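Each of the two complexes below includes chain A, the first together with chain B, the second together with chain C.
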Partner chain A sequence: MTLPLPLRVRKALVLSPPLIWVVLFMFVPYTILFVFSFWQQQYPTFTPALQLGNYQTLISDPQYLRTLLRTIKIAALVSLFSLLLAYPYAYFLVHKVRRPALRQTLYMAVVAPLWVSYLLRAYTWKTILGTEGILNSFLISTGILTEPSPIFLYNQTSMVVTLTYVFIPFMVMPIYAALEKIPRNLLEASADLGMGRTATFLKVTLPLSLTGVVAGFTMTFCLAFGDFIAAYLVGGPDGMMISNVIATQFGASLNWPLGSALALVMLVIVLAIISVSDRFERLGKGAFA
Partner chain B sequence: MTIKNKLTGAIAAVVALAGSGAPVLAEGELNILTWEGYADTSFIAPFEAASGCKVSATYVGSNDDFAPKLAAGGGVFDLVSPAIDSTAPLIAAGFVQPIDTARLSRWGEVYDKFRSAEGINADGKVFGVPFSWGAIAFMYLADKFPTPPTSIAALWDPELTGHVSLWDDKSAIYVAARLNGDMDIYNLSDEQIAAAQAKLLAQKPLIRKYWSTAGELVDLYKSGEIWISNTWAGYQSGLLKAEGVDVREFIPTENAEGWVDNWMIVKDTPNEDCAYKFLEMAISEEGQCGMSAITGYSAANPVAAKACMTPEQYAALHQDDPAYLDSLLLWENLGPRLNVYANAWNAVKSQ
Partner chain C sequence: MTNIIRLDGLSKHFGSVIGVDDVSLSVRKGEFLTLLGPSGCGKSTLLRMIGGFEEPTAGQIWLDGEDVTDLPPNRRAVNMLFQDYALFPHMSVGKNVGYGLKVAGTPKREVETRVLEVLDLVGLADKAGAAPHQLSGGQQQRVALARAIVRQPKVLLLDEPLSALDANLREAMQVELRHLHQKVGLTFIMVTHDQTEALTMSDRVIVMRAGRIVQDGAPQSLYDLPGSPYIADFIGTTNLFASRIENGRIACHGQPLTIDPQSILPGARTFGFRPEKARLLRGDANGSNLLRGKVAEVFYHGSVARIIVDLGAGQVLVDLQITDAAAGLPQLGDAVAVEIAAHKIMGFAAEDAA
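What follows is the complex of A and B.
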C-alpha cells in the first residue's frame, strides 16, 4: 500500500537519531566550551571577547601545571595497579578455572560492583581506611600496631587505592575478553615446539592479549584522569585533581572562561591518549592477526 | 533526608487537605534554592497549608553555588538565600529583583544593621530580606585541650599535626590574614594576600582534611580524625553534641567573621505572590524560630525571636547582645578582588 521511501530518505531516517544526538550533546556543548575559553572574566560574571589570556594563565600560573601533572601521576598509578591486579586475575579465570559456572561467578564478582553507586563504593573506603576504621582495628587486634595510624586515609595513596578499586572492572573486562579469544591450539602448538610455559606466555599469550591491556589502560587512565569525587572523599590537603580545579572555576571563582580553557586542555589530552592507544591496538592487530 | 522531608511534607499536606474537608488545589508553587535547614518541613509544611503555595527546595553546599546556578539560567528558581558577601554580584548581574518592603508587615523589626547593609541595598532599592546570622567561630574537642585555645594560632600549633581542619573556602584567607595581624580582611592588598597564602602553605602539613560541607565536618570529628577547626557557629556543634561528641566553640582573640543570609527574589518570577507570602513567614515567628530550632543560627528579627524563643535560647543566640553582633567582622562582597582571593586559596590547595 504505502510506497517505499526513496533510499536516501530511509538512510537519513536511520542515521538521524544518532546524528542529532552527536550534534546536540557533543558538538554543540564543546563548541560553546571552545567559544567560552576565549571570553574574559569581568565582575560580576564574564564578557564575550576574543583573547588568549585564559590559556596564558594556564601556562604562566604554576598551580595549573602542577595539578595537571599530579592528576596524570595519580591516573597512571591507578592504571598500573589495576593492570597488575587485573591481568593475573583474568589469566587465572581463563586458564585455571575449568568449571564455566565458577568462572562466570568469579568474573561477575569483579564486574558486579559497577552496579553499585560509585559514591557509595568510594565512601566505603573511608570507613575502611579511617583512623578508627576497619583496617586500623584489624592491625591493632593482630598486634601489628599499638595505636591507630592516620596514614591510610586523606592522602594520595588512599586516592589511588579507591580509584583502583572503583575502575578495575574496566581493566578486567577487556583483558578477559582478549585472553579468552586466544585459540588454545596456538598454546598447544607452542608447547609441541618445545617452548616452556614462560616462553609460551611471553611469546604467544602476552602479545595476543596486548590489545586488551591497551584498551584497559586507556579506559582506567581516562576515567581516573577525569575523576573529582575521590579527591573530595578520600583525598587530603594535597589531593586536588584537575577536575576539582575546573569545578572551582565554574563555581566559587565564577570564571567560566578559564574553566572552559582548562576543560579543553583536558579534552585534548584525553583525545591524544585515545588516538595513541588506537594506533597501538591497530598495530597489534596488524602484527598478530 | 530530602526524600524523607518530601514524604513527610506530602503526608502533612494530605492530612491538611483531609482536615479541611474539601479538596483544595495548591494556589501556587515556589521553587527555592537554599541551605538545607532553611526549608525544613517543621515550618514549611504549615506554611504550605496556610498559603496554598507548594514549596520545592533545592539545596546548595556553598554560597558560591547561587551565582553559577542563576547564571546557567532556565528560570527555575523563585527565591534564593545567599549570604551577605554573595548578594552584590546577583544584584549587579541582574539575577534578582527589588523587594517591595511595604508588602512585609514585619520588615521594620529586622535589625537595622542588616536592613541597611550595603550588600542588599542598591540604587535606593532593597534586594534582600535578612533571615539569619551567625559567626564563623572556631571549635575543638574538649578532651584534647586541657587549656582551652583562645587564638587562631592554635590551628598552626605543630603539636596538632594531622588533627587540624579548615573550611575549604576563600575564608581561609581571612583566617590566615588575621593571624598575620591584617584585620581589614575584606580589603587586603596583594602583599597581604600573598602573606596569608604563605601562612596557609606553612599550615598544610598540619591539615588532615579541608572540610567542605557541614556533614563532612561532623564526620571528621565523629570519626576521631580532627581535634580543631573553624565552624558555622551553632550548627555543627549542635549536630555533634546530639551525637554525644563534646565539642566547644570559641571566638578567638583575632576575632571572627560574621555572616547574614538574605532571601532574594529571582528576577521575573511567575510566583511573586507566593514569594512575598514566604518572605512574610520567614521573618515572623514561624520562620525565625523554625530556622533557629533546626540550624542553631541566630534570627534576623529580634522581635519575633523574643516572642517565640525561651529567654535562655534568646540569650544563647546573642539576640540581646548588640555588642556581640557589632564585634563580628561582617562578610563583605569582594567585588573584582574576589578572583585574587579565590586564586590564592586555589594556589594553596594545588601545592
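What follows is the complex of A and C.
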C-alpha cells in the first residue's frame, strides 16, 4: 500500500527540477562571478579580497570603456538594421501575401536558418566578404574592381552585416506576431472613419505593433551585445566586442577578477534593457485585454 | 422621400463563388432598412460593398446622387458599426470617438465638444477617459456607435450589431438603436440573421437568399404575406405541406382542409399555416376545418405552449395560449383536434420548402 504524498511534497517534486537547474546553473555561477569581481589578481593567480580595484580599472583604463561603447554601437546598429529590414518584410507577409501557404513559406525562409549552426552562418559571411570571396569575385568580373579588395572584411561594418544576418529572425518573429494579432477590422474602421493608408499605418498599425518592435529590438540587441564568435570570424581588431575582452581575461590574460567585473557590468546593462522593455510591454498589455 | 442609396445590378463574385448576384435596391433617406438572411446569403458582402470594403464585380453604388462605386471607404460619407466593435485598443474612449473628426480638420475645441455630445447621446459622457477594455460589452458597443455617428454620415451601416451581446442586453439595445434612429434621423442599414431583430427594429426588411433578394417589404407584410414557403419558414414558423387543390379543398398530411379561394392562387402547390393562428381543441370537438391527431410533444414557454400534433401521416405545430394555468396542459398521447380557419391558410406556387 502506498500512501498519497502530501500536497507540499508533490508541489516540491514538480518544482524541484527547474529550481535545481536555476540554482546550479544560474544562481551559483553568478554568485561566483560576483565574489570574484572583488578579488585581487596576483599573477599568475588571484587571491580573495574585498576591494573595488577591478571596477576602478574598468573606468580608468580607456580601452575597456571604448570596447564597451563600440559593442553598444554595433549591437544598436544591428538592431536598427534588423528592424529596418524586418518590419517591411513582416508587414509585407501579413498584409500583402494572400495565400497562407506562401506566407508560411516566406516566414519559414527567415526562421529556418536558425536551425543551421550559428558558427556556419557567421562563417558564410567570411567567405562572402573575404579577398577570395563571392563579393570580390563578383566585383572583379563586372569590372568595378581590378584586384580583390580587403576592405569588406575585418571591420565594424562586416560585424554589423554578419550579426544582422544572424539575428534578424529574432526581429522578424515578434514583429510578425504583433502585426498578425492586429484585427483587420481595426484597419477597416480607420478607413471607414476617413483615414488614408498612411495615416492608418501611423495611427493604428504602428502603435499596435510597437510591442513586437520592442521585443525584437531587445532580443537582437542583447544577442548582438553578448556575441563574441562573429568578432573572431569577421571582426578583426577594430571589431572586437566586450565579450572577446572578457574571454581574454579568463584565458590568456588570466585575470578572472577583472573578467568577472566586466561580465557583471555587461549583465547589468542587459538586465537594464530587458527591464525597460518589459515595463514597456506591460504598459501596452491593457491594449489587447 | 428621396433615395439616399441606389444599388444598380450589384454583383460580387469570389472566384467561382457568387456572393451577391445582381442586386438592385433603393434606400430612402431616414429609413431603417434591414438585410435579413441566413449566413452566407450575401447580406454582409452587400453591406461591405456599400461601405467600400469589398469591390463589386459588377454594378454601381450611388450615394446621395453620386457614383461611389470606385471610391475607397475613407472617401465615402457612410460609417460602419462593426460586428465586434473594432475599437482602437490603444486609444481612450474619447480618442476613439474623436478619431474620425480629426481627418476633417475639425478644430480641437470643436472635436472635444462633439465627442462629449455624442457620448452623452449614448449615455457614456463620463467614460471619455476610459480605455475600451475597461468597459463592458454593451458599453463598448455604444462607444462604437458614438464613433460611427459622430461624423454624421449619410448612411450608418450596422453589421450584426447585436450578435455579440447577451440576450437581455440585446433587447435593450434593440430599443435603444431604434430610439437613436428616430433621434438622429440618419439612414440605417442593418445586417442580421435574427428575424426577430429584423421585425422589431426596421421600417423595411430585405430578405436575401443565395446572393439575391427574395422579398422586400415592411415587417408586417413579410410575416403575414410571405412570398414563398422559404420566407414563411424563415420568418417565424410555418407548418408547410404539399398538396393540390381539388374542389376548393386541400389535404394536410392526408386530412382534408377547406381553403379560401380568394386568397390562394389556383396553381398553388405548397400550403401552410402559422402555429399561433390555429386553435387546439379536445379530441371529441366538432367543427369545420379540423385536423385530428394525438399530442406528440409539448414545449412549455411560459405564456405559450407549442404543441406538436401527430396527424398520423405527418406532424403540425400549434401554439396554445396559456391564459389559465389551472386548465392544465395537454398530455402526451391525448387525442386532439387542430382548427384552422380557411382564410388563415397560405398557398404558394411550387417551390421546395427550404
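Everything below uses one rule, namely that the second predicted complex is superposed on the first by the 280 of 289 C-alpha atoms of A that agree within 3 Å, B and C clash if a C-alpha of one lies under 4 Å from a C-alpha of the other, contacts with A are read in each partner's own complex, and residues count from 1 in each chain.
In the analysis below, a residue touches a chain if its C-beta (ideal position, glycine included) is under 8 Å from a C-beta of that chain, and two chains touch if they have at least 3 such contacts.
The structure displayed is predicted, hence computed values, not measured ones.
Colleague: Evaluate whether chain B and chain C can sit on chain A together after superposition, giving fit or clash.
Modeller: fit
Colleague: Contacts for A:67 in the overlay, against chain B (first) and chain C (second): which applies, first, second, both or neither?
Modeller: A:67 sits against chain B, while chain C stays out of touch.
Colleague: If you tally the residues of chain A touched by each partner, is the higher count for chain B or for chain C?
Modeller: It is B that touches the greater number of chain A residues.
Colleague: Tell me the contact category for A:185 with respect to chain B and chain C: first, second, both or neither.
Modeller: After superposing on A, A:185 lies in contact with chain C but is clear of chain B.
Colleague: A:204 in the overlay: touching chain B, chain C, both, or neither? Say first, second, both or neither.
Modeller: After superposition on chain A, A:204 lies in contact with chain C alone.
Colleague: Looking at the overlay, what does A:130 touch: chain B (first), chain C (second), both, or neither?
Modeller: A:130: touches chain B, not chain C.
Colleague: Contact-wise, after the overlay, does A:45 reach chain B, chain C, both or neither (first, second, both, neither)?
Modeller: first
Colleague: Touching A:240 in the superposition: chain B (first), chain C (second), both, neither?
Modeller: A:240: touches chain B, not chain C.
Colleague: So, does A:194 touch the first partner chain B, the second partner chain C, both, or neither?
Modeller: It touches chain C, and chain B stays clear.
Colleague: Quick one: smallest Cα-Cα gap between chain B and chain C in the superposed arrangement, Å?
Modeller: Between chain B and chain C, the minimum C-alpha distance equals 46 Å.
Colleague: Which residues would you name on chain A as touching chain B in one complex and chain C in the other?
Modeller: none
Colleague: Taking the touch rule as given, give the residues of chain C at its contact with chain A in the complex, in rising order.
Modeller: Chain C reaches chain A through residues 51-53, 72-74, 78-80, 82-84, 86-90, 99-100, 103-104, 131, 133, 147-148, 151.
Colleague: Help me check something: in the complex, which residues belonging to chain A touch chain C?
Modeller: Residues in contact with chain C: 183, 185-186, 188-196, 199, 203-204, 207-208, 284, 286-289.
Colleague: Can you name the residues of chain A that touch chain B in the complex?
Modeller: Contacts found on chain A: 41, 43-45, 61, 63-64, 66-67, 130-133, 148, 150, 153-154, 232, 236-238, 240, 245, 248, 250-256.
Colleague: Which positions of chain B touch chain A when the two form their complex?
Modeller: 62, 64-65, 67-68, 71, 88-90, 92-93, 162, 169-170, 204, 207-210, 212, 223-225, 335-336, 338-339, 342-343, 346-347, 349-351
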